[in-house]
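You will see chain A twice below: alongside chain B first, and alongside chain C after that.
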Partner chain A sequence: MTPLEEIISTCRQLAFDLNFSRAKAWKAQDPQRVLVGFTPIYFPREVVHAAKGLAVGILGAGDRKPIIKGDAYYQSYICHMPRGIVELALDGNLDGFDGFVFPSICDVMRNLSGMFQLMGKGRFAKYMDFPQNFRAEIGGAFYKAEMEDVLRRIEAINGVQVTADALDRSIALYDRNRAMLAAIYDIRQDHPWRLAYEDLYCIMRAGLVMPVEEHNAMLEQVLEAIGRERGVPEDRIKVVVAGAFCEQPPLGLIKTIEAAGCYVVDDDFLLGSRWIEGAVGGGNGDPLAAIADAYLTRSVQSSVVYDVGNPKEKRLLDLARRRGADGLVFAAPSFCDPALLDQPLYFHQCEKEGVRYVQFQYNENTGQFKVIKEQVGAFADSIKLWEGEAATA
Partner chain B sequence: MAKPTAPVEKERSMIMQKEMVEGLFKELATAREKGRKVVYTFVPGNLSELIRAFDMLPVYPEINALQSGMRKKSAAFIRDAEKWGHSEDVCTYVKCDIGMMLNGNVGPTGQKLPEPDLLLLSYTGCFTFMKWFENLERLYPNAEIAMLHTPYQEGGRITDEMRQYMVKQLREEVIPKFEKVSGKKFDEARLAGILANSKRTDDLITEIFAQSRQRPSPIDAYFAGVYYIGPINIGFRGTPEAVTYYEELLKEIKQRAAEGRGPVTPEGEIKEEKYRLVVEGPPNWTSFREFWKLFHDQGAVIVASSYTKVGGVYDLGFRHDPARPLETLAEYCMNCYTNMNLPQRIDLLGKCITEYQADGFLINSIKSCNSFSAGQLMIMRDLEDKLEIPVGFIESDLVDPRYFSYSNIKNRLDSFFQMLAQRKVLATA
Partner chain C sequence: MNDKGILTMGVDVGGSYVKTVLMRYDQATGDHRLFDRQVEKIRKRNPKDVVVDAVAMVLERNALDYERDIAYLASTGEGELVERKTGHFYSMTTHARGGLFLCPGARTVVDMGALYVRAISIDERGRVLDYKMTGQCASGSGQFIENISRYLGLSIDEVGPISLKSDKPELPSGICAVLAETDVINSVSRGVSTPNIIKGIHLSIANRSIRLLSSLKAQEPVALMGGIAMNIGMVDAMEELSREGRKPLRMVTHPDAIYSGAIGAALWGGYRHHRIKDRAAVVAA
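Now for the complex of A and B:
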């Protein structure tokens, strides 16, 4: 195997390891280390890193584990991912985690934080309220207080008092991580055949369950490998996928989109890893303020951030144009209010601007991809056969 | 399905409320010609007092939606919103409201509602509110927008940081928008005066709902309860009319209690109180009367409900404080039921079950409302374990009639009531 193939293979195994073995092995090396699980979308992992911890992404059980107990906790009309998370918690997969953070993205995840409190999982289960006010002295101050609260809770476990220098070092590592992911996306924008999206997905997802230092080393090798020509270009359209920011589709569905005649050149599958556009920075003596500023001023567009004065449909179509996409694929989990309530806004804007799109819904354990393959395939064919130029041009 | 046909008994407070609501809709219908400015906002965390302090008029999209549901108009509105692009999976309040707008924004009383001058997003206890307003902003591009983000009580308490965040938003974002739209300067003394009425109303509504501790309960704290909370939740809190209305209502209820009479329902008075229930979750609005009748026919009285706390929880001691106007508004918002974490909700429901001597606990789980529904099964199990109380679980929706299955609900309720009856037999054996 080439070094890139080895990395992909390792990441594929780590990304879907529902026992979080790598993270637990890392923790076992030092009694002061802590594991803090977090649910989608974005969480400032730097904060945990600076406190001698590892922030570990928890993305449900996908199609890798039968959901038996989790279903007893949710009605049929609630999305699938929290069932998987409850199943993992009840089956002991999350044993060894010291705490859990549930970023504010919807009412289901908010109430899941309360369920973890009731189940007594971890030393803490915190719902982290991200500000919807974007002024530094209002929303920024509140967000800093939320991060300080996380630090206090970790300190109560391992006694680590975080310094500004430690935070700056952690910020630099995650800035490097984000910069390399951005560089990979930029290369794939023009040369998507060099790295299948399915493989990139596994590489990104593995980054949520392993130390950032190790992930950065992998990304350097990935960048080095795809910086050169490899693979064979195929006659496919370029698409941006939107709506899948929380509950993840099974890997087979992601593969299906490309196999149906598309190159995914941007997406929101693991949006938290690329949440901050550009660097957080730091080094000004107040690293938490730097993280807050990055959130307030440089967050990607997302269904969970109030978009007044900065319409999401415009931002999404701008992104599609920047990437030279031929069309948009709206893929949202069933019963996801934030994703689905945005869709009419997107659809109407696409229609207004003559941008082609296709839409379907899924669950994290969807097992049949044939219909989606036909739908996306017909979409790709219609553009390849009947459109002369990129529909977003 | 048995169609209820009996004429509805009306008490004086009911007539007063009807007049208040009709008056508000008349004011809204003539708002433009009279130069009144209009605010669209939400019930949980509603800032009625602030709206009044600027002489503006409120419109509550959820109230319009539920009224549309009760008047059998919601199905068509939802269908039109789905044609417009909305998924079948999402909140039906949102779709009903958008469907109403797509059909000319004619309100529940048949009068056209004025467009908003200000969209006040009081984002409290429900994430979907934010998405709802993002949709409204596109439909009313000329309206000013103010966002008030209410932090969740994730730790089961209100911290200084949460309070400061809200007060800063009120002072630096929300009030300046009100000043801009209304053309009036903020008058804190005037707001304090309005809040003094709110405090009185808070006391009265708390005393009203406390009456159901008696046996028999003179009120139904769920079906009738939604009427009782109407005035405080649709813009009258802080007004002298609201104080007068609640004084009258309390007087009527105390009179019923003194006479040992049960609650008034659309089917008539409940003559024999067989079961006392605590209910969690909003009611169904599309078949509201049929739904209520299912309880009436079994002699089941709801002695406490979480839904009546959605616009504010007063049982635990919160009162508006005129001496701290902005802080008290912030605390009010943060104290709404769906802004409380799950352990707090369980404590509150458990307190109701114990203090109101309930025989059973029932959840009406609403397909549209994850803010209530997610976690309800765990709440139910926890209360069952801790209090050894019989529990029941039914499912319906707010305003989508496709999700109200009369026979399914009746079957489940029949089983639940049989369980309660059996428990009573065993208790007396």
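Now for the complex of A and C:
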């Protein structure tokens, strides 16, 4: 195996390890270390890192665990991911985690944080609100207070008082991580055959369950490998995938999109890993203010950011244009209110600007991809063969 | 062979067979030619290996080199099993185009494959306008005919001609392959003749296909494509049921019907080859 193939193989294992073995092994090396689980979309991991902790992404049970107990916690019209997370918690997969953060995204996640509190999982379970007011003195101050609260809760566990220097060092590590991911996306924009999206997804997802230092070392090798020509280009359309920012589809579905004749050149699958566009920076003596400023001014477009002055539908289409995408694939989890409620906005904008799109829904444990393959395959052909003509059935 | 047009290949990986064609695509005159064809039953082999062997066989037979001579190799069906390809097309797109190539003037293509039947309404360029397909039940598929022929000790080539000898077809359950197979066993034990059992199976599948055509409001001529369309008994059953219907449709087929997907892939591959070249020229200019 080449070094890149080894990295992909390792990441594939780590990314879907429902026991979070790598994170737990890391914690076991030092009694002061803490594990803080967080759910999608975005959480400033550098804050936990500076406090001798590891922020671990919890993305549900996917298609790797039958859900029995989790179903008892949610009505049938609720999405699938929280059921998987409850199942993991009740089955002991999350034992060893010191705390949990549930970033504000929807009511279902708010309820999930409450369930964790009732179940007594971890030393704390925090529903973390994010500002929707984008003025530094209001939204920024609020967000800083939220981060300080997380630090206080961690300090209560391991006694670590975080300094500005420690935060700056952590910010630099995550800035490097985001910069390398951005560089990989930039390379794939023009040379998507050098790294299958399925592989990139595993590499990114593994980054949510391992120390950032290790992930950065991997990303350096990935960049080095795909900086040179590898793989064989195929005649496919380029697409941007939108709507999959929370509950993750099974890997088979992601593979299906590319197998149906597409190259995924941008997406929101693991949006939290690439949330800040550019660097957070820091080094100004107030690193939390730097993180807050990055959130307020350099967040990616998302269904959970209500920035009316910067319409998300326009930003999504700008992104598609920047990536040279031929069309958009709207892939949303069933019953995902944030994703599905935004779709009419996106569809309207696509139609207004003559951008082709296809849409389907999935669950994290979807097992049949045939229909999706047909939909996406027909979509790809319609662009390759009938560009400029109106769509048919 | 290279004097006019370019050479393209199409590989259709289906549920039971891998179909490979070599074509000459002439963008300027539209005079496209089918040069060579190869069909391989997958059996218990790795489909990827079957594809590699089939492509190599066609290239060798025509003294061609893949890198040097083939402008575009297009996959369809289970395209991910074709590792060395230029591009992939969705099977409905390719069967539509392949059906039009084999049966010029067709306005509807019925793709009768190993695992399902699909009726596709097309325009004069082979563009898909609408479609209807059977569900995932195996009783409306070529695989079902193969299973029944095996139970009855017949080779798949014998099934069509034997079906034509039927005088009183025995219709099985049209709902489920498992029930239908039980019906067939019962028929055998009741002494129903083999031609009548086989004809009954054909009529059962034809009935599903005719219903698809009717819900599609299909226009004629209807091109019957895919592996089952090579079966004379199946074509006969389709024509018979169509004649009995409220709106009889003219059915046509072709001896190369099993290659329609691969042919469509090769033709669209040729089209894309020129399109990409034209676009590159525009960018360069």
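Please note the rule applied: the second predicted complex is superposed on the first by the 387 of 393 C-alpha atoms of A that agree within 3 Å, B and C clash if a C-alpha of one lies under 4 Å from a C-alpha of the other, contacts with A are read in each partner's own complex, and residues count from 1 in each chain.
Please note the rule applied: contacts are C-beta pairs under 8 Å (C-beta built on N, C-alpha and C of every residue); 3 or more make two chains touch, one makes a residue touch a chain.
Given the structure is predicted, the values throughout are model-derived calculations rather than measurements.
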Field: Clash or fit, chain B versus chain C on superposed chain A
entry: fit
Query: So, A:G114: does it touch chain B (first), chain C (second), both, or neither?
result: first
Query: Taking the superposition as given, does A:Y127 touch the first partner, chain B, the second, chain C, both, or neither?
result: first
Query: Is A:D342 contacted by the first partner chain B, the second partner chain C, both or neither?
result: first
Field: Centroid geometry (CA): angle chain B/chain A/chain C, rounded to a multiple of 10 degrees
entry: 100
Winner by number of chain A residues touched, once chain B and chain C are compared: B
Which superposed partner A:C106 touches (first chain B, second chain C, both, neither): first
Task: Have a look at where A:Q75 lands relative to chain B and chain C in the superposition and call it first, second, both or neither.
output: first
Closest Cα approach, chain C to chain B, once both complexes are overlaid on chain A (Å): 21
Message: Just to be sure I follow: which residues of chain A are touched by chain B in one complex and then by chain C in the other one?
response: none
Query: chain B touches which residues of chain A in the complex?
result: 72-75, 77-78, 82, 104-108, 110-115, 117-118, 126-129, 131-133, 135, 137-139, 141-142, 145-146, 303-304, 306-308, 312, 332, 334-338, 340-345, 347-348, 361
Sites on chain C touched by chain A in the complex: 72, 79-80, 84-93, 127-131, 268, 271-272, 275-276
- prompt: Which of the residues in chain B come into contact with chain A in the complex?
  reply: 84-87, 89-91, 94, 121, 123, 126-128, 130-132, 134-135, 137-138, 145, 147, 149, 151-152, 154-155, 159, 161-162, 164-165, 168-169, 172-173, 341-343, 345-346, 365, 367, 370-371, 373-378, 382, 395
Message: Please output the residues of chain A touching chain C within their complex, sorted ascending.
response: 232, 234-236, 259-261, 374, 377-378, 380-381, 384-386, 392-393
